[in-house]
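Each of the next two complexes has chain A plus one more chain, namely chain B in the first and chain C in the second.
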Partner chain A sequence: MVRFLIRRILGGIFVVLVVTLAVFVLFGPVLRWHSNISPARLYAGKNPSAEQIERVSALLGLDKPYYVQYGYTLKRLVLGPSQDERERVCPGSTAAECDQLLGRFGSSFAKQRSVDSLIWDHFPVTLSLTFVAAIMWLLISIPIGIISAIRPRSLFDRVSIVFVLIGQSLPVYYFGLLALYFLAYKLGWFPLSGYEPLSNPGQWLYHLLLPASVLALQFAAIYVRITRSQMLDTLSEDYVRTARAKGAGETRVVIRHAFRNAMLPIVTMFGLDLGLLLGGAILIEVTFGLQGLGWLAVQAAKRLDVPTTAGIVLFSAIIIVAANIVVDLVNASLDPRIRLE
Partner chain B sequence: MRLLTVDDLRTTFRTDDGPVGAVDGVSLSVDAGQVLGIVGESGCGKSALSLSIMGLLPKSATITGSIRLGEQELVGLAGSELRQLRGDDMAMIFQDPMTSLNPVMRIGEQLIEAIRLHQRVSKAEARRLAVDGLAAVGIPSPEDRMRAYPLELSGGMRQRVMIAMALLNRPRLLIADEPTTALDVTTQAQILELMRELRREVDAAIVLITHDLGVVAELCDEVAVMYAGRIVERAPVAELFAHPQHPYTWGLLASLPGRSGAEERLYQIPGTPPSLLHPPAGCRFAPRCAFAMDACRTDPAPLLTATARAGSAVACRLDQTTRDREGVRLSGTEAER
Partner chain C sequence: MATVEQLEDMKTEGMVLARTPRQLAFARLRRDYVALISLAFIVLLVLFALAGPLFESWTGHPVNRSNSTGVDDYTLLPVGPLHGCADGLASVGERACFVLGASNNLGYDMLVQLSFGARTSLIIGIVATFLTMVVALLLGVIAGYVGGWTDTVIARLMDVVAAFPFLLFAIAASVAFGASLWFVILIIAIFSWFYPGRIFRGEVMSLRNREFVTAARMLGASNTRIVLRHLMPQLIGPLTVYASLSVAGAIAAEAALSYLGFGLPLEIPSWGRMISDAVPGGLYINAPFLMVFPGTLLVLTVLAFNLLGDGLRDALDPRGGTLL
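Up next, the complex of A and B:
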């Protein structure tokens, strides 16, 4: 079990390394070559002179060869900014002031802030949205999926299939706009946009309810389908017949024997989906004006804020890798077949 | 004491192509302490018969007729009442121990569940009973095995666990559906030996479903031969091997290996079993029977009737002399005995 964990963590670190390299190449040399955009130029302000660009280049360390730049980027990601860079980027300021300007993910020249602080400012919004939506879609989809599987081809099952089809085929931005127009604008049941921090739980939930529902509906559709098919599979297993032969009641058979086995692939999918959403649910966040990571990424991309965009991509990748490891751990704890191999 | 009485049982499955009569008018009875073997090839309805008795048929199946456990009628019994009998008064052992135990539950958890579904005992007491149950079926260090998951046990050990689980609540009726089929030959012998021992200890009526006449010879008191949803012959086990009465039984016996010399090809009954969707009009074995007369193909099949041999009954039009003569000749039993 410990070896399994160590192997997964090493694998995860390798994936993150590959992503850092891809991000570095994409947002450095490729961007420069393709669009003639260099961070130094962007940082230097409007219509800079060649001399200004050169000075900024030296300031940001962009005059060094690429491999040196990449090596430094990695080192900064792991250990934080070096004293040398701190002195170059924020001369004469205190450590706390400099932390606001420069972090492990670098510095946003558009906002004059560290990318780290931007991510930590916006991440709670994405986290809250994902959390509320995830609870909603699990609560909706798992009971529906189970009942559909117990009574296949029943009216309930057919209605739920229609629900799945609608949920899966409506794009969130379209469905989100409809919900906003009718439920928030016309009826005034929900706020039109915005986010309230968790310090005010009632308002927090009130502001998240509509976007989370729209997000949850889409995922619920997928989860109904997978729960139903998994349950149909496990309900026809021999050990379910054994449970019935023991004299177990239907509820016990369905929950303790069938669902306990059916939920293993659902847990896997759930973990991966959470990881994906925590990296920013761009469409939902933009539609509902929720200033989460996805929203931040769009803003940064529009402003050509390269360090922020790159930072969010890297941060999302780390979250997804972490989610994968957590999924493996949870699966191993739920399924002895994985644990004991 | 008569424990299980099945009378004119008909089990029909609803399918997309039409109704399939998997069990078609089966009657049988088993006494306490007796082992009844039910023999037949795949698809002859033996599993449908056992699932009918246990009330474990899928929703697409309907049954008519009568199944009595002691004095209690099981056909038409409400689901909850049947559930209380299952695992308590009647228990079942299944064919494939690799898939019959829940892979994500510890052995102990599954055994304790079986006990606590029917006995009002504490967890600790149930645990003790479960350990005893494992010890009784010859599982070494049962305390440790309680914590094991099914995948940590071999097929033979898993089948022992299944047997222990079936016996935990001291059932009056035990149905074993091909309990050795999925096991390798050495393990088969061990499980058969275990069942032979248990037979003496538990005073239950046992219905043993198998396609293996060797297993029948070792374990059973009586045998019922099933063909295409019907019982075609029923006899005490020695009688069946000495004087088989039905042409289908002759074929079964003749196709056993090791009876007619090692170098010879095994005997094969010509033709294939009929489709139960559209079974033959008369005797269902007639299309494959070398002795079939016109009446066999057109008139309704004869009912199971007593023969001149003690305790034996057959559903066949042939006369006693022909049956005795051809039975011995064709199944090659004389040479063996």
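Up next, the complex of A and C:
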């Protein structure tokens, strides 16, 4: 088990390294030579003089060769900013003040803030949205998937298949706009946009309900499909027949014998989807004006705020990789065959 | 080959016909009304996209051109469907008639923009799918056939690509590379080859030790010949299915990027951007048709390619896990 865990973690670190390298190449050489945009120029404000640009270059460490910059970016990501950079970026301020300005992901161009503090400011919105949506889609899709599998080709099954097809083909932002138009504007049941912190749970849920439902319906479609096909597979297994032969009740057979074994791929997919969403449910956040990580990434990219955009991509990659490892561990504990592979 | 009449005669005489797998697949597809309707929709969509210049001269509104008659003087909203067409179709050809209304607050013609947007979607869907399938076939077949270290490296590469946050990364990349058609096509292809690639790899792995491959090798066939003449024909089925699904995915991905305002330059019409044009200032609240026309067309197109893919899967591999 320990060997398995170590192998997975090393694999995860490799993926994060590839993502950091890709992001670094994009925002270093590609930005400089393909689009002729220099980050130092962006940071230096409007119509900077040549000396100003040079000073900013030195301040951000952009005057060094790319491999040195990349090495430092990695080091900062793991160990936090060096004393040297702290003194350059925030001279004469205390460590706590400097943390507000400079973090592991660097310092934002658009705001006088560290990218880390921006990410942590916006992360609760994404986390809340994902949490509410995840509960909703599991509650919707698993019962529908199970009933569909118990009665294949019934009317219920056919209706649920139509639901799956529509859910898979409807772009989530268009669905969101339609929901906003009919449910929020025409009927006035929901607010048109915005987010309330969890300190006021009623308002929090009220503001999240519509975006989370839209997100949940899209994911529910995929989960109905996978639950149904997994259940169809396990229901025809020998052990299900054995359980029936031994006189187990239908509910017991379906839940304890069939569903339990059908769960593995669902758990896998659930973990991966959570990881993906926690890095920013971009389309939903933008459509509903929820200022989460995805919304922040879009804003930052539009303002050419390179460190913030890069920071969110990295943060999201780290979450996805972590989710992958957790999923592997859960699977390995659910099914001993996996860790022996 | 026997004609249809001969076949019918043979049937009435109670003879059993031998049919090739391809004939069987076509026969199944012909009975699949959902897939046929999807195919018909796709054909209509291609015609609609080709008719772009026709719509331009018919309405008198060139693509991407603002028309002052397309914006209501009083409300400053884009005009609605059939605006200025009160005199009937006779007045079509004059600048004032907007058959489907205007598509944004610059007064672009909705019909013309939709048609050129269909071009964009189809071009991106087809070219991105072509590239996706070439890379997926190449790497999938090599990984599955050669095995060993080569397979390990390619399989890891697939895992890495699968773990990338696509949309976030595409946004970041579009900032670095700037907006262009090729950028959108390439970024979609780079992030979609891994899924069909895994399928091809799995297929080849299960095929490479079968008797017909051993037999071919015994007869002295080279690896190239085995792959091209013996394995590739077996991959035509999954290739067709995943190509259709991949077109749907590419069209949806382009629309999502354009909706967020990244990817395509402004002079290339896009359904995704048309939907996003309806958002600022809650424009769609007063003029919902702005998002409903491009949105509905987008949904139907993605649905059609998905359903066609499902239909092809049922037709080519009736044993496989089907949805319907």
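Keep this in mind: the second predicted complex is superposed on the first by the 338 of 341 C-alpha atoms of A that agree within 3 Å, B and C clash if a C-alpha of one lies under 4 Å from a C-alpha of the other, contacts with A are read in each partner's own complex, and residues count from 1 in each chain.
Everything below uses one rule, namely that a residue touches a chain if its C-beta (ideal position, glycine included) is under 8 Å from a C-beta of that chain, and two chains touch if they have at least 3 such contacts.
The structure displayed is predicted, hence computed values, not measured ones.
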| item | value |
| --- | --- |
| Chain B versus chain C as contact partner of A:Leu304, first or second or both or neither | second |
| First, second, both or neither for A:Leu118, with chain B first and chain C second | neither |
| Touching partner for A:Arg337 - first (chain B), second (chain C), both, neither | first |
| First (chain B), second (chain C), both or neither touched by A:Gln168 | second |
| More chain A residues in contact [chain B versus chain C] | C |
| Partner chain(s) touched by A:Ala245 [first = chain B, second = chain C, both, neither] | first |
| Touching partner for A:Ile142 - first (chain B), second (chain C), both, neither | neither |
| Contacts on chain A seen with chain B and repeated with chain C across the two complexes | none |
| Interface residues, chain B side, partner chain A - complex | 54, 56, 79-80, 83-88, 91-92, 94, 96, 99-105, 113-114, 117-118, 149, 151-152, 162, 165 |
| Chain C-touching residues of chain A, taken from the complex the two chains share | 11, 14-15, 18-19, 22-23, 26-27, 30-31, 34-35, 161, 164-166, 168-171, 173-174, 177-178, 181, 185, 192, 225, 229, 276, 279-280, 282-283, 286-287, 294, 297-298, 301-302, 304, 306, 309-310, 312-313, 316-317, 320-321, 324 |
| Complex interface listing, chain C residues touching chain A | 156, 159-160, 163-165, 167-169, 171-178, 248, 252, 255-256, 259-262, 275, 278-279, 282, 284-285, 288, 291, 295, 298-299, 302-303, 306-307, 321, 323-324 |
| Contact set on chain A toward chain B in their complex | 237-239, 241-250, 257, 260-261, 264, 334-337, 340 |
